[in-house]
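Both complexes below contain chain A, partnered by chain B and then by chain C.
Let's turn to the complex of A and B:
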């Protein structure tokens, strides 16, 4: 138990550092992230440019820190949105049950069958554009698992005695829904949200890498890898390596923290 | 009982396909500008109003949307998916060229992942606390945190650029005859990326099941009665594999999702690459067709998994609907 506690703190510290660095990147970055320097293109990591420069002579480290802010912002916003939709959908389905529940669950299962990347791609085709839209699209397509968890939690909780008591005392419906049911499902929602967050980073990075996510002019961890394939052929390995390392470490932290909470929560079934 | 169960699945599959078809059809209508403009993409500005109207009547775009959907669905069922706005060829033909490539990749990945993860998971689960057991847990967490395309980039970096062992993209050698060996040679990198991205998670899932199954009463009894270890392993595997196959079924959509990125990275001209290209050039007919076909393929795959489940799980055959 001691050791696990330490591991949790370890992951939290790393994630905290990463988030901290990206949040305050405006003050921390050694170079202006979009400043081009044609005399120093494709410079390998050295004393001035710690992680090298890209094809336009922009400092990779600065772009990484600023790009992290874009990636994490999109992930956060989309997760908040998807959690809200998921809680509402799952809550209605779980609390009312019966035919409503059956229909809503069939629809949900159908959504889960379609590769989520395909849905995102389809939406992206018609409303490609800004960072905000990207977060919206991901939020609107990422709520399926949350809804399932909320539903099963609501179903489990609504049969418990204290809910029956509350109903007997004529507690208003909204109070039962929010104060009792929602509040008691929060640990489970928290865990699934953490995993959703990791998934959102994954999606943003994949789409931007394909060139159909965040516009390539805005630095994000995904867009930085957009050109990496060509850069590799020139021999600029640092362009491909470092953004990926940041993504990897971030997702690893998030997932490690998530599974720790999942173990602690015990009976959460994803 | 089986008939009822299969019937339920078929209905489920139909619902999925209806939703997919809705998604792909209304894509065209949600596209910016009017549908005629969407059809002609960037060329739409050159059309005059009269021409636009003529196009709308020709394509039946002045009819109610639901009627259009009905017509489109009927045509799609008969294999007519329209014409690509960029290439001018029938979408069905384009997809017919692409689909086998994707299937090769996905089926190959699935096969290797299934065999490797079953073996690894069983080995690791049986020897609790061993190096393999702990190693696998670690590797699976690490591998699920690596974006597949980045793994692909690293592979290109090492195996194509540095070592020059494998080609970094394409499906066949320019000079080659495009035979089986050539194809496999080009498949090594994309396939191994997809396999590595999935195998850890699957092996770990089975490992957990094996561990749980190992402490069950029947194993203890079998062991006490001197049943050979081989037979016990077989029993454990047989019971642990049922939730595992279910899990494979749940993750099949993500296989196709993963192949979109990997195909694009390695220039593997499959359905995924087609999708991405269609989004980029806003070739809506192709996009609609590709989404529809992806849905169909996923539904078929899920159905195969379901049949497999019935074969492996006697409880399902006897009527307990899970």
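Let's turn to the complex of A and C:
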């Protein structure tokens, strides 16, 4: 087995473990994540509380696992939504071309000039509320890169002979779009979606850290970092370190996996 | 059977083909030669209705007495689908990379004829064997086959469909010498077997000499010379043809 493949498997295993632990957190958590115990506040990692407790005596490990589920749920939902919007927008623009493409691309460029985090911030400030709403806002503002990739893939593919033949043989438009163009664009879409996923985790964490993301009552990696800000000053280093490590390792895994698939895509021209 | 009359193609007001007229006799192999950019592929695209949207076509393209250009888009497609088959230059791009050959060849042949998969498999297995393709070719993906094998898969489609007209745009240019010869032999066999009218485009004079019944020489969007193989290669009249032949031999 080649070194690159071994590395890919290594990152996939780490990510799989992280996702697995967070998905099955309901059964794995040693304590109820919101259960307060005022007799054990600010306890450093010990035999009972492996990653310590917070300012309300809640178990940090339990909150990390349950919080991971919230963060990954938001990231997944927003990426699914942004991929759907990006594929539709980029697909229409790339396939029809001409004036339609020109107008759609100028609109997209206008969106791209504003950093998406600023748009998310503005929308979140207006609509702040549930986990679902946050995922929707992130999904509706995270499709720009996907749309550009899909557009360029459709433009490249539609000039290939098998598409010309499909048109010549009067293949229905939906078949050309889905069976030929979209199907052959999937490797590129897959890679951009992986990177979008890493970006979505980062956005959730950033917004929650700023206090305008997930409501503080719901544990997520971002809200845990948010509450840890002040506690670092009282020496509760474990409250910020462990969520930070989980975020860091998850994003690192996703980026490493994405980079590997990107390289493989480059080698095979798909 | 196939007649091109005063065809002019302009793209963004630039002449690509200028008042082109020629006939492709029934059951013969007509080869169009000329340097890159002479308009050979544009002529083929005009016949197939595959020119870019900004292109304008004037003149007539007659097939069995009907002017294709004057037909409604739908009727043009029906006519092409029923009577034409095309082999393109890059075999790798002629197939979708993510679908198995069985599915793709079925879509290109039997599906068009309203035949079932069982009928397709029974007939295609013989053709595949006949063309010396691997027995499991239908179960493979395009990237698992060489350029030569993929071009033979296109020939397999032509053999299956038995079209009245076979159009081939530089079908050997991406093949090595050995596969070129093999492809030419099989194309000749197809032509003899089905009596298909062939219009082949190439810049390779060896290919032209080995297969053509009639040759058209193109330069800058115009036909500068036409004639039998011996006339073109032994007594070229136009300075450009003389230059081409001299440069080659």
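The rule is short, and it goes like this: the second predicted complex is superposed on the first by the 265 of 270 C-alpha atoms of A that agree within 3 Å, B and C clash if a C-alpha of one lies under 4 Å from a C-alpha of the other, contacts with A are read in each partner's own complex, and residues count from 1 in each chain.
The criterion applied here is as follows: contacts are C-beta pairs under 8 Å (C-beta built on N, C-alpha and C of every residue); 3 or more make two chains touch, one makes a residue touch a chain.
Predicted model, so just to flag it, every value in this text is computed and none were measured.
*Asks:* Which partner does A:115 contact after superposing on A: first (chain B), second (chain C), both, neither?
*Replies:* Only chain B; A:115 stays clear of chain C.
*Asks:* Figure out whether A:162 sits in contact with chain B (first) or chain C (second), or with both, or with neither.
*Replies:* In the superposition, A:162 touches chain C alone.
*Asks:* With both complexes overlaid on chain A, does A:228 touch chain B (first), chain C (second), both or neither?
*Replies:* first
*Asks:* Using the superposition described at the top, determine whether chain B or chain C touches more residues of chain A.
*Replies:* After superposition, B is the partner touching more of chain A.
*Asks:* Now for A:184: first (chain B), second (chain C), both, or neither, which partner does it touch?
*Replies:* Touch partner of A:184: chain C, not chain B.
*Asks:* Determine, under the contact definition given at the top, whether A:212 touches first (chain B), second (chain C), both, or neither.
*Replies:* first
*Asks:* Which partner does A:241 contact after superposing on A: first (chain B), second (chain C), both, neither?
*Replies:* first
*Asks:* For A:202, using the defined touch cut-off, is the partner it touches chain B, chain C, both, or neither? Pick first, second, both or neither.
*Replies:* Touch status of A:202: first partner only.
*Asks:* Counting contacts the way the document defines them, which residues of chain A are shared by the two interfaces, the one with chain B and the one with chain C?
*Replies:* Correct list for chain A: none, the interfaces share no residue.
*Asks:* Report the residues of chain A in contact with chain C in the complex, numbered from low to high.
*Replies:* So the residues of chain A touching chain C come out as 98, 160-162, 164-165, 167-171, 179-180, 183-184, 186, 268, 270.
*Asks:* Hey, which residues of chain A end up touching chain B in the complex?
*Replies:* Result: residues 106-107, 109-119, 121-122, 124-128, 198, 202, 205-206, 209-212, 225, 228-229, 232-233, 235, 237, 240-241, 243-244, 247-248, 251-252, 255-256, 259 of chain A touch chain B.
*Asks:* Residue numbers of chain B touching chain A in their complex, please.
*Replies:* Spelled out, the residues of chain B in touch with chain A are 12, 15-16, 19-20, 23-24, 27, 30-32, 141-142, 144-147, 149-150, 153-154, 156-157, 161, 168, 250, 253-254, 256-257, 260-261, 264-265, 275-276, 278-280, 282, 284, 287, 291, 294-295, 298-299, 302.
*Asks:* Residue numbers of chain C touching chain A in their complex, please.
*Replies:* 48-50, 53, 77-78, 80-81, 86, 88-90, 93-99, 104, 107-108, 112, 143
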